[in-house]
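Quick one: the structure is below, and I'll ask about it shortly.
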Amino acid sequence: MIYITRKEHFCASHKLYVQEWSEEKNREIFGKCSNPNGHGHNYSIYVTVKGEVDSKTGFLINLKIISKLIQDYILEKIDHKDFNLDVEFMKGIIPTTENITREIWRKLEGPINELSCQLHCIKLQETEKNYAEYYGE
Amino acid sequence: MIYITRKEHFCASHKLYVQEWSEEKNREIFGKCSNPNGHGHNYSIYVTVKGEVDSKTGFLINLKIISKLIQDYILEKIDHKDFNLDVEFMKGIIPTTENITREIWRKLEGPINELSCQLHCIKLQETEKNYAEYYGE
Amino acid sequence: MIYITRKEHFCASHKLYVQEWSEEKNREIFGKCSNPNGHGHNYSIYVTVKGEVDSKTGFLINLKIISKLIQDYILEKIDHKDFNLDVEFMKGIIPTTENITREIWRKLEGPINELSCQLHCIKLQETEKNYAEYYGE
Amino acid sequence: MIYITRKEHFCASHKLYVQEWSEEKNREIFGKCSNPNGHGHNYSIYVTVKGEVDSKTGFLINLKIISKLIQDYILEKIDHKDFNLDVEFMKGIIPTTENITREIWRKLEGPINELSCQLHCIKLQETEKNYAEYYGE
Amino acid sequence: MIYITRKEHFCASHKLYVQEWSEEKNREIFGKCSNPNGHGHNYSIYVTVKGEVDSKTGFLINLKIISKLIQDYILEKIDHKDFNLDVEFMKGIIPTTENITREIWRKLEGPINELSCQLHCIKLQETEKNYAEYYGE
Amino acid sequence: MIYITRKEHFCASHKLYVQEWSEEKNREIFGKCSNPNGHGHNYSIYVTVKGEVDSKTGFLINLKIISKLIQDYILEKIDHKDFNLDVEFMKGIIPTTENITREIWRKLEGPINELSCQLHCIKLQETEKNYAEYYGE
């Protein structure tokens, strides 16, 4: 059992805001993250898959395939976008690091597990100081 | 003559868009950066000042003073904000890395040059792959 | 179950030295780390907590709360300090990366587990080449 | 139980190529990595060991010992070398990140487990975007 | 006058070797870098251009154009290649960091100076510890 | 004219303190940096030299020579030491980043300028956020 990880980058904007709360309550809970016009980040996403090494190729899985899945299922939909307004799979979900991480797992789990490996972990780094990890359970 | 640099971080959203151009022209020139709802970045700002070292303190200038000026004149106005909608000093200026860098120089030049040092360079890093530098001329 | 991590920085000095050993024995075991006047590091501390995401806020826990606990229980006591002379909770404990990591766990475990999450891991990076991790058991 | 990690660097060249495949098949599977004269990387290797902290020294294990084992068993044989042509322990094994990682585990497992700690993980970073991890099973 | 920089990555192999010298002399001067089968690096290349900001677009120059020139004139020819065997523009030139840096300048100077900006600096980072810079004179 | 840079690391402790000032004045000026038992940092030092490339070796200067000079003249005296108590060449000089940078220049200028290159810049990074540069004038 070996684990390999592919890191990709994207940038996006978001704001943290609960519709049914007052401006004050939002500010109290989310601070500057609730500013009405939003802000943004350079995100790094780490996709870790696990499985057996193919004895012929020496690959668990060709990382170009993983990279293309990340591109097609994720980056295509969120890179240079606004999480609150533009991203179908985040509709109705507040775009915290935790929630984005879990939704990325849900988008990638199917396509990756059809390959010769299993999705093991999604790690999403929002700033140099904050990141989330999700293992699917 | 010695040079010292203070690095600070902020995150903000922006879009690159020329009002009087068509959607197509904007997309042709700015690509994904013209997406209507914007996107964002973790920016790093490097402020370099120069001058003589004070023989008593061994400081060119106490970097806490520089840090506070950056906080008060810049970060207070742009951190967790949208460059197109929220930032007074960027009004009417398209928020490219080049333009933000030059406007930050203009905001900091006065207050820093009143101290015992001179502003030497503003460097603004927008992504791991792109940055701008401005030396005031 | 999701994991989120907050990274903080501090700088401190220390030396590695066993009182009852000779200078030579200390040098043999600890090398330059036993130099009598000590040396220091820029440390990075990573605090990982785990738990369920709150469906309202989208947060496992507001990272500002974690950041404040790290500030109050840890950084307040060790930042810009000497581990051998200034730090109450390291009294009588040789300040290796391993020991500092474990003592930080002990200080943070109580206050964090009172929140809506559990402490999962303390990682302490001493240099670009060395770090320790502790999971509480 | 505490975990400590030592990171080391080396640079090496390799190519990914299955002898019995045609040039075309190799290019289809390995892309530019199959270029006939090879290419190379700055690799980072992270060796994580686990065990109990010695109450006298405060060390799980002196990292200089781990560093020396990595030097003698691994770096000596691969640093500034070509994985396909120069490295005894990679003979007949295609030098993917996965395979190198596993073979490094096999070389280090014996000597490290003779010490007061156990080998826990080998992580090998090939580029800023790709790395593999192996836990020995 | 503003300066903008685009960073790109590539990986390549090389060896440092003067044909007319003995094996011993080569080893004395170049050390492990003269190993007969070569080794390799992950290189980072920083291309800095300077000029006036276009008041319409806010760009000195669209960095995608710079990125494409780097791709076409440089990366296409050196990425995943061997500097001693595969690279036309390094023929007869020993592939030290200094020489590669200068030859990259020579390849890019023409195409960049035809744009609305001037090439200012090529910086080539070979390892975390070594880099060269060339300003064209 | 080409520029090459060698980066090295060291760790050391220091405190910022003017003997003839009161405790209060020291705290007012230097803040936590004046704590009586000191603190420390992982420093990075960048030594940049300039000159002509040797057409035979392709080197401006063999970086191993620069590395050894840094080792012998600087690191030997400051690595794992206390700047206030242990370092001959800092005697009577308050160990700010500015002053350490300038004294390192003074120690290296002679030996480097005897080689086939000239010392161009010393850059000293004290924390991720602060660094100084000195060009000798």
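First chain written, first letter: the chains are A, B, C, D, E and F, and each begins at residue 1.
The definition used in the following text is that a contact is a pair of C-beta atoms (placed from the backbone, for glycine too) under 8 Å apart; a residue touches a chain by one contact, two chains touch by 3 or more.
Since the model is a prediction, treat every value here as computed from it, not as a measurement.
Between chain A and chain D, the least number of touching-chain steps is 1.
Taking the definition of touch as given, a chain qualifies here only if it contacts chain A and chain F alike; those chains are B, C.
Seen from the C-alpha centroid of chain C, the farthest chain centroid is that of E.
Of all residue numbers that take part in the contact between chain B and chain F, under half occur on both sides, making this a different-residue interface. With respect to chain A, maximal separation of chain centres occurs for F (centres as means of Cα atoms).
Centre-to-centre, using mean CA coordinates, chain A is 29 Å away from chain C.
Centre-to-centre separation of chain C and chain E, using mean CA positions: 41 Å. For chain C, the set of residues touching two or more other chains reads 128. The set of touching chain pairs reads A-B, A-C, A-D, B-E, B-F, C-D, C-F, D-E, E-F, using the touch definition from the header. Residues 16, 18, 29-31, 93-99, 101-102, 128-135, 137 of chain B touch chain E in their complex. Considering their complex, residues 9, 11-14, 32-33, 35, 37-42, 79-82, 85-86, 127-128 of chain D touch chain E. The touching residues of chain F, counted against chain E in their complex, run 1-8, 48, 53, 56-60, 62-64.
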